[in-house]
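If you scroll down you'll find the structure; I have some questions about it.
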Amino acid sequence: MPGSAGEKTLMRIFISEADRHKGKPLYEVLVEMLRKQGFAGATVLKGVAGFGENSVMHTDKLLCLSTELPLVIEVIDGEEKIQQIIPQFDELMQGGMITLEKVRVIRYRS
Amino acid sequence: MPGSAGEKTLMRIFISEADRHKGKPLYEVLVEMLRKQGFAGATVLKGVAGFGENSVMHTDKLLCLSTELPLVIEVIDGEEKIQQIIPQFDELMQGGMITLEKVRVIRYRS
Amino acid sequence: MPGSAGEKTLMRIFISEADRHKGKPLYEVLVEMLRKQGFAGATVLKGVAGFGENSVMHTDKLLCLSTELPLVIEVIDGEEKIQQIIPQFDELMQGGMITLEKVRVIRYRS
């Protein structure tokens, strides 16, 4: 059954699998923050190749040995809620990028 | 060679790998519906981690044993065509979310 | 630390893993072009299933034997820079699609 609908903000966080915060993978730290602060959900996508600031190309060709592949964390929520968490991310991000887009959302309840 | 171009709608369907419809994986049912109804294409992306409504964190760390990873199905087509299929999805969705965005499209013909 | 921010263009290139240019995987050719022409980054996502123009369904179910899975290459940069590279892609694309969207970007420097 369709539930609430409306305009929300899609936040996409582009980081590397290699990024760490106090020894922990950065994506785990960010996703855990989102979960604790009551965001409705998050999806982590992993790239199979890519390059970033340093222009070094990374791929997963070497039997998945590469640990520097790109990650994209996707979060959809209200603009205000997202604007409130970004300053907390500022201290953790060591490069990478955040993008924001408006999307129309249809949310379903199980 | 570039073919048609113009403004289209990007529909993204966020579900779980664990979602089923009559015993079949839900993503297969949805993609098959899209194919049969003449949509130009669909892409299914699988997350490596995420959480949803229930706030339970899922990852693929345990040797790919997790079968509750997030899936994102992406479809790009005319707004009208997409608006017509959404009510058919309403009966199948058991949670999750659909987002809609306008995108500029350059389509190539092989 | 947050660096530059502002409105940028998200280009997403939808191709197949099977696409080739002079024997080389097309996604590698495209990513290499982006890197050489000074784009800030690129991320290649690989689908686990999908269908395209020919409506043939592809999945990775057969022990990853499928080599026709969909790929999405994502690039975020200025609209002008992206508009300049698209004509170069036109000659290489053998089907597939490019989409363009405006996104708000917060870029971090390591």
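We call the chains A, B and C, going by the order they appear; numbering starts again at 1 in every chain.
Following the convention adopted for this analysis, contacts are C-beta pairs under 8 Å (C-beta built on N, C-alpha and C of every residue); 3 or more make two chains touch, one makes a residue touch a chain.
Computed from a predicted model, the values in this text were never measured in an experiment.
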Message: Can you check whether chain A and chain B touch via the same residue numbers (shared by over half) or via different ones?
response: different
Task: For the sequence-identical pair chain B and chain C, determine the rotation angle of the Cα superposition and round it to the nearest 5 degrees.
output: 120
Message: Please tell me the distance, in whole Å, between the geometric centres of chain A and chain B computed from their C-alpha atoms.
response: 18
- request: Note the residues in chain B that touch 2 or more other chains, in rising order.
  value: 45-46, 101
Query: Hey, which residues of chain C end up touching chain B in the complex?
result: 14, 45-53, 55, 57, 70, 72, 86, 90, 93-101
Field: Residues on chain C engaged by chain A in the complex (per definition of touch)
entry: 1-2, 8, 10, 27-28, 31-32, 34-35, 40-46, 71, 74, 76, 101-110
